[in-house]
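Labels A, B, C and D are assigned to the chains in the order they are written; within every chain, residues are numbered from 1.
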C-alpha cells in the first residue's frame, strides 16, 4: 500500500521530538526579539528558524514565528510555557507554543468531487502532510470505499433543506469525537452554520475554485468562461460568515485560452485547486499562518 | 540612439512584403477551409500559418486566421480582395485581408505614470512592435521631452471637469490627424466619451492594473492590499462603455506576500502592467485578436 | 470507488464516435492545405480544429494536425484511408488517421516512487486520460496492491545485473501481451535495451527529474542542490538510446530558495514531475505530438 | 525627463536615514540571536525585519540579515560598529553594518545589446533601484547618446585581441575613478581577467541568457533551439573565474513552443534577461544576498 510506513512516521517523530514552534503577536516596540531570544537562550534552546513581520507604523503590530531545538522538550514544555508567562504579559503578547512532533488532527469535508480529497490523502500517505486525518465527512456515500481503504473513518451524513440543523449536529458530533484541530472543506459544497464557524474560528480551510475576489459564489468556472478571462485560479481561505470573504491563505492560477470550454476549465482548474489547497493545509499544519484583520501572514 | 535603424526596418518590410494575413469569421458549416484554401491555392499563395476556432455547437461560429505568401502581393492585393468577394458572400463571412508589411498607426494616451509608455516605446525602437507610433497625447506635460526624443509628436491636452468636451474634441482631432488605426491607453486615467468609443470600437486597448474582474475601478492596488490577495495582476482589454468590462486580450499575475505594502504592490504591479500591455498591443498589431461577444480569440 | 463509471466512459466514446484526427507531415509547397481540406469536404467531413507548422524555409517541412467530424466514421474509416492514398503519394506525405474514440493501450513502468504512477491512475480514473491502462510493470512488489485495486494487472519483474536480459524478455512479453501502444516510464529507474527502444521508437515517454539538459543522469536533485539553482524542473521526453537526450515533450519548473535541502527539493519536485508527465502523456494520447529530428511539435 | 526628482530621492533618503542593515555569518550555536538582539536593544534600536538561515547540522553555519531603526544613526554608526566588535569576536562572526540611506555606486558594462542596460536605467530613474549609477563602460560607441541623456558618464573602450590588457587597465581606471561598489555586466560579451575578478570578488553580477547550468558559454539561444526545450531562461550570477559557474542569484524562465525560431527566442529571452538582472541587482543593492560556497542566500 502506498503509505508512509510506521517506521518512517516514527523516524520523523523522533527527528523532531525536540523541535518546538512559537507563534507570537503583540504591539510593536523595541526589545521584543531581545526578550524572546534571551529567554530561549536561558532555557538552553537553539533557534533554528525565525521570521518576523511588523505592520505599517500606524497599526504597529509585531508578528513572529520561531522554531527552536530544546533537549527533553516533551518534559520541559509545560515549564517553559509557565516561565514565558511574565514576558508575554509584559509585552501584551498573544502566543502559542507547540511541539513539532505532535500531529494535528484533521477532519475533511467533501461532497462528490474527489480530486482535493485525494490530493490530501496522497500527500498524507507520502509523508508530506504531517498530521492525523481523523475523519472524512460527506453528504454523499461515493467516497466511502476509497477513504476507508486508507484506514480512515467515513461518515456519510446526507444534508437536505429539511434536515440541515440535525445533519449539522451529527457533523459536529463526528468532528468533536474525532478531536479535530482543523477542518478542511475539500470541495464541500454546503455552507456551514455560524455555530460551526464560531467553534472553529480560523481553523476551517476552504478551497474556492476561482481567483477571489473574482467570481464569488456559485459556478465560478461558468462565470470565468462568460467573462473570457485568460487565467483561471483557485483560492484557499479561512471560512468566515461572509461567503468566500475570509482571510486568504494561498492562491494560484493557470493560463487558459479561448479554446477551453467550461468542462475543460473545470478540468484544468482541478489541478490548481488541489495544489493550492494542499499548500494551504500544509502551512496551517506547520503553524506558518497567522491571521490579522481579514488577512493572513504566511511565514516562509 | 537606441532605435531600429532605417536599414533594419527596411529589411523587415522587404522580408514580409509578400506576406498577407486574413481574418475570417462566419457561421460554421462543412467546406469553409476547403473553399478558402482552394481559393488561395488558385491565386498562387502558399499558406505559412493557419489557425481556426469553432465555438460550441449551439452557437456554431467559425473563426480563422491565415498567413500566406504571395508573389507581387502589393499589386495583386486589391484583385484578390475582389476575387474573394463571392466566396465570402456564399459563406456569409466577415473578413479582412491585410499586408503584413503595412505598419499600423498607433496613438498612445498617457497620464503621469510613464512605465507602460516607455515599455511600448522601447519595444517599438527595438523592432518588437512593428508599427508607426504617430502621436502621444497626454493630459500632463511631464513626458513631452522623452517622447519627442523618440521623434514622436506630443500633444499635451489638459483635461478638467469644465473643459472635458472641448478637450476631447482636441484629442479626436489629434488622433484623426495622425490617422491612427489603434489607440492605446497606457495608464491614461481618464474615461473616454461614447463618441470616441464608437469611432474606435475594438481598437482602443486599455491596461487595467488588476486581475479583472477583481478590483474594477479606482485604486485597485489599494483594494488588493485590503483584501490580502496573494497574487496581483494586470489586464489588457478593449475599451467598451461599461468601465473595465470590455473583452480581455491578456492577463498576467505576480506573486506577493503579506510583506508588501501598497507602494511595493504598485512597484511590482508596474512590471506586470507593462508586460501585459505590450503583449496585447503586439498581438493586435499582428492581427491575432478577434472579438466575439464580450470575449476575444487570440490566435497563437 | 473514485473511477469514471462505465456510463461516463460510454458517454465520452459516444460523443466522439465520429471524431477523427489526422497527423500529416511532408515537404512544404503550395496547395497542401487545399488538397487536404478539399478531400475532407468531398468525404462530407467537417473540420473542427486544424493546426499547422512549417519549419524554416531551408528545411521546408510542413506538419499538420486536423480534427474532423464525419458521420458513420467507424464504417468509413478504412475507405477514407484508401481514398487518401493518392493525395498522400502526390505530396510525399507521412500521415496517420485515427479515431478519437479508440482508446490507446498504455503500459506503465515504475520502480519504488509512486507519485507519477498515482497521478496517471488518478487522471485516468477521473476521465482526464482517455486510454486503457493495460498493465503496470515494476522491478519491485511495492505497488501491487494499489495497482490491482484499480483493476489493472501488475507484473513484478525484479531486475538484477545478472538477470537483466531475461528480465527484459519478460517485460517485452508482458507489454506485448497487453498490446501496448505506448509505454510510460513513471520514474522507472532502469535503462531499457536498444531492442526495446527500437520496437517502441517515439512511443516510450520518460519523466526526468530535472530541467534538461541541465542535470542529466543520476541524482539530479542532488546536482541541483549543489549548483544552487533557484528553480527546479522536470522534463518529459521520448526515450532514445542516448541517456536523457530524446525529444522533449514538456517541461516545467518550480521556484525554490536557499532554504530547501535535498529532501525538500525532491518533495517539491515530485509535484512538478507528476504534472509534467501527465500533460505529456495526455498530449501523446490525443495525437498532439509529432517528432522531427530530435525535437517535438506539440499541437495545441 | 522621466527621472526621480531630487525631491523624491531626498524623501527616500530622509525616510530611511535611521535605517541600518546588518549581515552576519558565523558557526551555529545557541545564543547568537539573543546576543545580537540584546545588543541592538541596549543601543536603542528597533528591529523591523530579521531573517536567518542555518545550513544543515553537518556544516552548521548561521546566517542572518537584520534591519533596524536607530535614532541619529549617522552619528552613532561608527560607535555601534566599535561596540559590536567583542560580540562578533566571541561568536567568530563575519559581519557588515550599512546605512540603508547610503547609495551604492554602480558601474555598468555593456556591449551592443541595450535591453538590460535600459531596464536598469529605467528602474533607477523610477526610483526602484536606490543607487548611484556612476559610469557606463562599453566596447562600442552605440549607447553613448542614450546613457549621457541620463546624465551618466559613458566610457567607450574598444577591446581587441591585441589591446586587451591595456583596455582592461582603462576599464579598471574608470571603475576605480567612479568609486564603484558593484559592477553589473548587462550583456557585456567579454570575459574579465582574474585581476578584475579578485578586486571585485562577489561584487560583479552577470546576466547569462540561459537557465544555467544548461547552455553554458556562447550562443545559448541557438543551443536551446537545437535541443528543443519548452522553456527558455536567464540567470543572474556573481562572476567567478570559471565561465558561467559562479553563485546564482536569480533565475527565471519563459514558456516557448516549437513555433519560435532562434530570433523569436532571443526576443522573448530579452524580457526574461532584463527582469532577472534587475531583480538580482536590486537584491544586491539592498544587501539581501550572502554567498557561501558556490551558492547564495537571498533574504526575502
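As a working rule, contacts are C-beta pairs under 8 Å (C-beta built on N, C-alpha and C of every residue); 3 or more make two chains touch, one makes a residue touch a chain.
In this text, all values refer to a predicted model and were calculated from it rather than measured experimentally.
The pair from A-D, B-D or C-D that reproduces the interface of B-C, where over half of the contact pairs by residue number are the same, turns out to be A-D.
Looking at A-C and A-B side by side, the one with more C-beta contacts is A-B. Per-chain CA centroids place chain A at a distance of 43 Å from chain B. With centres taken as mean Cα positions, chain C sits 36 Å from chain A. Chain A has residues 53, 257, 259, 300 in contact with two or more other chains. Judged by the touch criterion defined above, the protein chains are all mutually in contact, each touching every other.
Taken together, the chain C residues at the contact with chain D in this complex read 53, 56, 211-215, 226-231, 233, 247-253, 257-259, 261, 293-298.
Interface residues of chain B facing chain D in the complex, by the touch rule stated above, are 1-2, 114-115, 118, 122, 126, 128, 142-143, 145-146, 149, 257, 259, 267, 270-271, 275, 300. Partner chain B is touched in their complex by these residues of chain C: 28-34, 37-38, 40-41, 44-54, 300.
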